[in-house]
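In what comes next, subunit A is part of two complexes: it sits with subunit B in the first one and with subunit C in the second one.
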Partner chain A sequence: MTVVGTTPPPRLPVRDKAAGRHRAGGEVSPMLTRLAAERATGVLERERGTLYLTEGRVAHAESPLAPGLDVLLLTHGTLDAGAWREAVEQADEEHGAARLLLGAGRIGQGALEVCHLGALYDAAYFALAPSSTPGRFRYGTGHPFGALRPVAVDALERETLRRRALLHRLWPDPLPDTAPLLRAEPVAAPGLTARQRAVLARVDGVRTASDIARALGRHAFATLVDVRRLAAAGLLTAQFPPPVPQPPPGLTLPRVNDPDITLLKRLRDALEAL
Partner chain B sequence: MPGIDECLLEAMRLPGARGAALVDWTSGLALGTVGEFPGGDHEAAAAEAAEVARLTAEQRAFTPGDHDDGSGEEAADPPVEDLIISNRDSYHVLRFVPTSFDSSVFLHVWLARSDGNLALARIRLGEMAGRLVLG
Partner chain C sequence: MANTETALKEALASIEGATGVALVDYTSGMALGTMGGGKSFDLNVAAAGNTDVVRAKMRTMEHLGLKAQIEDILITLSDQYHLIRLISGRGGNGLFLYLVLDAKRANLAMARHQLKKIEEDLEV
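Presenting the complex of A and B:
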């Protein structure tokens, strides 16, 4: 048999993912790193969330995209709403709400630490997401909840990057994280866990992943994990972003938001991630 | 009632204990660690243990017969109590921690095989998990 040697076809262009990851791994927020180094106390407001620093460590975090500690504790009846309100109203600089709840024996130290740390990392994941506007820092006092187990800034940044990578591995399209979700008819539906069924039952074309997390009293990141796995299984899709408003007449702009291009880009990303 | 650190220090008093951690199995995050971990990297050890714990908790084969597995959508407690892994020189015991609020945490204890006592570790970790999250 004659084997004809041919030059192999040129490699298809693939974006250098390793280099991109390396860049992202450098610093999530240079400002936060600086504040940690100077052991600052105050409030760092970013586009998608707020971090409360106490002597350079993150004591508390909030984000409109992640259910707060109150939602997590009240939804499943760990605390009753009255006890929570009382503690928040009486909290002052000296005795944060955490100390009041623990002092009154409303909740155990371990339970509150586990729940608070969970909420902190959850909100920080969104607060540290790439943003289009610079963050603002106000020096001052900590959060009225009080510092329970402050987290080092570098540990928080490492965890945030790890979570981003974890979601990317599950399903590389980030659109379902923020868009309203729609149910899809799968070709061959895999077996679902009870948690995933609960998420899927609340997908109605209006709610986003954050809305579902709040309705279920669950961490937003845990819900994103379920949502991306359901998207990978073909059980739900994200609604495409609403169409861009028409430019004023007389002005012609190149149409860059073509749905076909978006679809092709998503396909490319999914293929690259295989 | 103990906090995370007290609970982990108590776990370290088990015979043969080398390291103890409280880990979230959805994200792979260690909420607290005490002692040493295989390979010297407790973050990597937590992420790997979390992967095993998640797989175990999600398999129907390991779910008890009377477990509410989805007809009612909120199965409150993890379906598995604990998970034991042994190798030539050590034991790993992973104890799932049921909580009244939504969470996915387990206690992970690494025991030297020469003086570790699995039966005792199982009983003690069960008690510790209960005390840790007493509402």
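Presenting the complex of A and C:
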């Protein structure tokens, strides 16, 4: 018997998971780390949100992608709109809106702290998302809401990375986080929780996850968790971004909103996860 | 009326056998505040993990068509008790208080009662 020597087949291309993990473990924002070290006070503006620093700690965060504290408090009737407006209008540097609300007995300290902290981490998740433009920092005063319970920068960065990893584990495609969402017909739909059903009921091909969070008065990140779980269950898909405008004449690109392609992507991700 | 830090401190100081306590947002799995635990017991990891416990129980109840609310969940280990008390947050999120007890020193009935009182003080 003769042994025929053959060249081994080339290795199949796989995603470099180790490199990805290394990147994710790095600093979220070197600028923020530096500002924390010098105990800076002021406003850090990033592509997807704003962080308000007080002596190097994050006192407040805002992002157009996350519902503000007012939305969270007013939607559930925790505060009435008049009381909120009054506090915001009267707030000055000495007495932030938070202190005015607490002083007037509109809301308990525990409740306000927990709501504010939840909104802060929620907005910061988006503000600290990888961005294509550098952040800008303006030294100055804090946010008119007033510092309630400022958060250390390293705790905020740790939590942001945990959140990113959690979403990736649930469903590795980030497209549903930002794109308009569409309902899909699954082969075998799993049982849903009341919270997930409320999210799914608002999926209409136009709203994004952030729009749904605002409509429900919920944290945007919690809505992303529900959306990625629903995507993993095959109950919704993201509307693919529209094809590049002005395709060359004579050549029309196919619209790739095909359930088959979605299925193939899920299959690929499942195989890679083995 | 208490802020979160004093409420957690009180839980640790007043509940016999308590070794760690956390206030957790189970819509995100994040601990909003922790007290105790020490180096050998990372309460942040416990917070994220027990979020899955709460979620699994809620889903099962939905499947069974049970409409009642979960008051608390008790997990007994050979040397510890873990007590989870659910709270509905005012900002549209769900919260729970997570209490770790030393099984040798704890009075379970008393601990449940005290945890309920701390929840009321916290007014979240």
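Just so we're on the same page, the second predicted complex is superposed on the first by the 234 of 274 C-alpha atoms of A that agree within 3 Å, B and C clash if a C-alpha of one lies under 4 Å from a C-alpha of the other, contacts with A are read in each partner's own complex, and residues count from 1 in each chain.
The rule is short, and it goes like this: a residue touches a chain if its C-beta (ideal position, glycine included) is under 8 Å from a C-beta of that chain, and two chains touch if they have at least 3 such contacts.
These figures come from a predicted structure and were not determined experimentally.
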Clash-or-fit label for the pair subunit B, subunit C on subunit A: clash
Which superposed partner A:Tyr121 touches (first subunit B, second subunit C, both, neither): both
Touching partner for A:Ala201 - first (subunit B), second (subunit C), both, neither: first
Partner chain in contact with A:Thr193 - subunit B first, subunit C second, else both or neither: both
Those residues of subunit A which subunit B touches in one complex and subunit C touches in the other: 72-73, 75-76, 78, 107-111, 113-115, 117-118, 121, 149, 159, 162-163, 166, 191-194, 216-219, 221-222, 225
Subunit B - residues contacting subunit A, complex: 1-4, 6-7, 22, 24, 26-29, 31, 43, 47, 58, 60, 68-70, 73-75, 97, 99-105, 131-135
Touch list for subunit A against partner subunit B, complex: 72-73, 75-78, 107-111, 113-115, 117-118, 121, 149, 158-159, 162-163, 166, 191-194, 197-198, 201, 216-219, 221-222, 225
Touching residues on subunit C, where the partner in the complex is subunit A: 1-5, 7, 23, 25, 27-30, 32, 48, 55, 58-59, 62-63, 89-93, 95, 121-124
Subunit C-facing residues of subunit A, complex: 69, 72-73, 75-76, 78, 107-111, 113-115, 117-119, 121-122, 149, 159, 162-163, 166, 191-195, 216-219, 221-222, 225
